[in-house]
Amino acid sequence: MNESGHIVVQGIYKIFKKGRTDEVRAVDGVDFSIKKGELFGLLGPNGAGKTTLIKCISTLLIPDDGSVTVGGYDIYKESLEVRRHIGVLTGGERSLYWKLTPIENLRYFAALYGVPRKSVKNRIEFLLELMGLTDKATVRVEKLSSGMKQKLSLARVLVHDPPILLVDEPTLGLDPYFARFIRDFVKNELNRRLGKTILLTTHYMDEADELCERIAFMNRGKIEAMDTPVRLKQSMPQKQVLEIKCQGALDKGIFDGVREAASINVSHDDGLVYVRVNTDNPEVILSNIIELVREKAKIVSVRVTVPTLEDVFVHLTGASLKDG
Amino acid sequence: MNERGGGLSSRVFHYLRAINAENIKEWKIELTYKPDFIRQFLEPFVYLFPYFLYGFALLGGRYSEHLRSLTGIGDMVAYTFIGYLFIGFLNTACWAMGFSLRKEQWFGTLETIFVAPVPRWVYVAGMALHSTCHQGLIMLIQAVAITTFFAIVLQTSGIFLALSAVLLMLLGLYGLGIVVAGLTIALKQWWVVSEALSTLIVVVTPIAYPLAVLPFVLRKVAMFLPTTYGIIGVRHFLLGENLAVSLPTIFLRLSLILVVWLSFGMLVFLMMDRYGRKRGSLSVY
Amino acid sequence: MWVIIEEVRKSFRILLAYPVEVVFWIFSPLLWVIPLVFQGKALIGAFNSTSFGSLAGTDEFIPYVLIGAIVSTYMFSAVWSMGNSFRDETYYGTLEHILSAPVRPGYILIGKGLYNSILSTSFVIVQLLICVFIFGLNITLAKIFPIFLFLLLLIVGLYGIGFMAAALTLLIKEAHGMLHMFEYVLFLFSPIRYPVEVNPITKAISVFIPLTYALIALRGLLLNIEFNFWKNSIVLLAIDCTLLPLGLFVFRRIEKRTKTRGTLADY
């Protein structure tokens, strides 16, 4: 059992046929392996194939090719053992019975997972306590807020105390307060304290940067790069970023003439436009860029910072995480 | 939880526990839709009476000399009632079991339960258990109410054999149910299959009429259905209907049918499950 | 106006994607008559019954039941698809768009109703043709107009019921069961399978069901049984005049309620 905790993915393909000729290469030849106790992140834009990959690993989908072992068990031949050792959490979607109470839900899942009868009661009490849901234990799930539902989903995932967790977009659709809670919980409680091996997917770069020990960039079914967040950021040839925050409508095209910049990314957030320029010498091109921006928009602030994961992603793929 | 699944007996125990958990969960969810729950208990009565009234209109009463000459039972109401009472289990197979996975999909819980370490047929089996209990309860109420209302006298001496015939019929129907459950994975319009199957079975099963009135082809079809022998058997034991085939033959065929149907059902289900996991089609409606 | 036509066209396009369903609705009445035929054969030993004749006006119970089956399926398929229409829309994920479009839902309902009646009427024509060719049913040209008159009178009243069914599906999520119950109640209390005269209770209740009058009239026409043309048509017309506005009213009220409470599309 000392292999438990490993996820080894080798040469996985999953291609969906759409009609006669069309096909979607959702997972297009992916290899990676996750060490025991590691918190590994898959970061990629919408449609990158993250969920498909998770479904393959959790035996919901049969890959077209490749091999996967989870905790030393083969997903084709020992799928029941694989499922016994994993907990799967998906964000945003319904994964609980809304007509039942938290206790009833957890009891049901405890039976499915074969949690020993004697320990079911204690386990459920412990989990509800852990998630701070004890006083909601007998309220129907439909009456809980979406943050509480997600907490309960976490309790459900832990009901059989699996050594490996597959977590797909855990903070999708949650307000910042609950998103914070879930992130801290995943990092501090599940990974650090309980030592769970975690594969987490997200398209929030901050989330991946903050939580994960290693990150794989995924785009169009392929892994583009894989390393620790720090090293990924160091891998950028240009060590500085010029960021201009402004209001108005900007198109990436207006920067076409700028030569000294390695790459320029325009993204929108909260009604503001962020222009990020990767460069080695921001002082040189500063005035040039500001000129160009001023023609179209009103500048709110200008600063020089270091590259983020988003910049690395743009640099590697030319695609943006947010607008992907 | 880190050791392997354990031996065969502990695995069987685990599956049984999961099946029962499924059953309990279904009861709880059903009880939250109270009006619907009450309706389900009233419906069989509203459903049954037209068949009696049709008979009344034809006969001008409840006694039929012709039925007596065919079956040995002259009371049209008793004859029809026993037939319709036990065919109620057809709902279990064609609807409840077939619906089980689709329903999880509507709840949004399908993928969540599919990553639990039990084979997927366990959920269908859980639904079968639930629906059988549910249907059994409805039937019990129906049986008491109708026999009292129409003063039908049942023979109680054969009750044990009657129940074993019903049990064998049920197991055979589960085979059918799991086929339908498998088809729901691959077919969008699975309910048409369900509807067609249940209509066909209702037509050829001797519910309100003996096999003798059926055309040759339909009679042959009826030979392959567990419901035929189940209903014939139970009516023989409870009302003393004349038998065209001997009792041992009935039980033998019932057992044979149940083995064939259950294994065929499992085969179809496992194939469809595999197909679904290749296509990823279960998650899209 | 084009909204209605668009709605009809869209529904047809969706239907054409489900050919099995069409086949199902065409054959369903013929299918459920079969057990009744065998039951009759088992009970009587022949295909005519004098006791049936004394109640129904015709000894031959098979054509009687067959017409009951066709007409009731005509009705139920309409009610079902009206009731279902909004459920379906949530499956197609478009309900919220439709209801937030600047169109009165009433128009959409009328569009759906129109589509349904075109569809079910063509089903009835196919079924009657099958009856003519296979069972030797005799339909003269002179009867065609009154037949369609009564079908029309029936279907207009159905709109009212259909609106209420649609409202019901907006209100409670398990409306399927309720619609089934409605169906069974009609089976019990209107002369679909047997003359309601068989029992004083069914006879008393049948008076309140529009289907009763349509069935009496249509059977009268098709099987040459005596019936009061004017009484049946006027009663049906009166029922139409109350059911249609009532249905629209109920639908509006409930639609408003679900909109203010925000329970729409929450399945």
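The letters A, B and C name the chains in turn, as written, and every chain counts its residues from 1.
Everything that follows uses one rule, which is that a contact is a pair of C-beta atoms (placed from the backbone, for glycine too) under 8 Å apart; a residue touches a chain by one contact, two chains touch by 3 or more.
All of these numbers come straight from a predicted model, not from anything done at the bench.
**Q** Using only alpha carbons, which chain's centroid is the nearest to the whole structure's centroid?
**A** Per-chain C-alpha centroids compared to the overall one single out B.
**Q** Hey, which chain ends up farthest from subunit A, C-alpha centres compared?
**A** So the farthest one, by centre of C-alpha atoms, is C.
**Q** What whole-number Å value describes the gap between the mean CA coordinates of subunit A and subunit B?
**A** The answer is 46 Å.
**Q** What whole-number Å value describes the gap between the mean CA coordinates of subunit A and subunit C?
**A** 53
**Q** Let me have the rounded angstrom distance from the C-alpha centre of subunit B over to the C-alpha centre of subunit C, please.
**A** Roughly 29 Å, centre to centre.
**Q** For a test of understanding, state which residues of subunit B touch subunit C in their complex under the given definition.
**A** Residue list for subunit B touching subunit C: 33, 35-36, 39-40, 42-43, 46-47, 49-51, 53-60, 64, 66-67, 70, 76, 80, 106, 189, 192, 195-196, 199, 202-203, 207-210, 212-214, 285.
**Q** Which residues of subunit C touch subunit B in their complex?
**A** Residues of subunit C touching subunit B: 18, 20-21, 24, 31-32, 34-36, 38-45, 49, 51-52, 54-56, 61, 65, 91, 172, 174, 177-178, 180-181, 184-185, 187-188, 192-195, 198-199, 202, 267.
**Q** With touch defined as at the start, can you tell me which subunit A residues reach subunit B in the complex?
**A** Its residues touching subunit B are 1, 4, 16, 52, 55, 58-62, 80-81, 83-86, 88, 90, 93-100, 104, 107-109, 111-115, 117, 140, 156, 160-163.
**Q** In the complex, go through subunit B and note every residue touching subunit A.
**A** Within the complex, subunit B contacts subunit A at residues 1-5, 14, 17-18, 20-22, 24-25, 28-29, 32, 107-109, 111-119, 274, 277-280.
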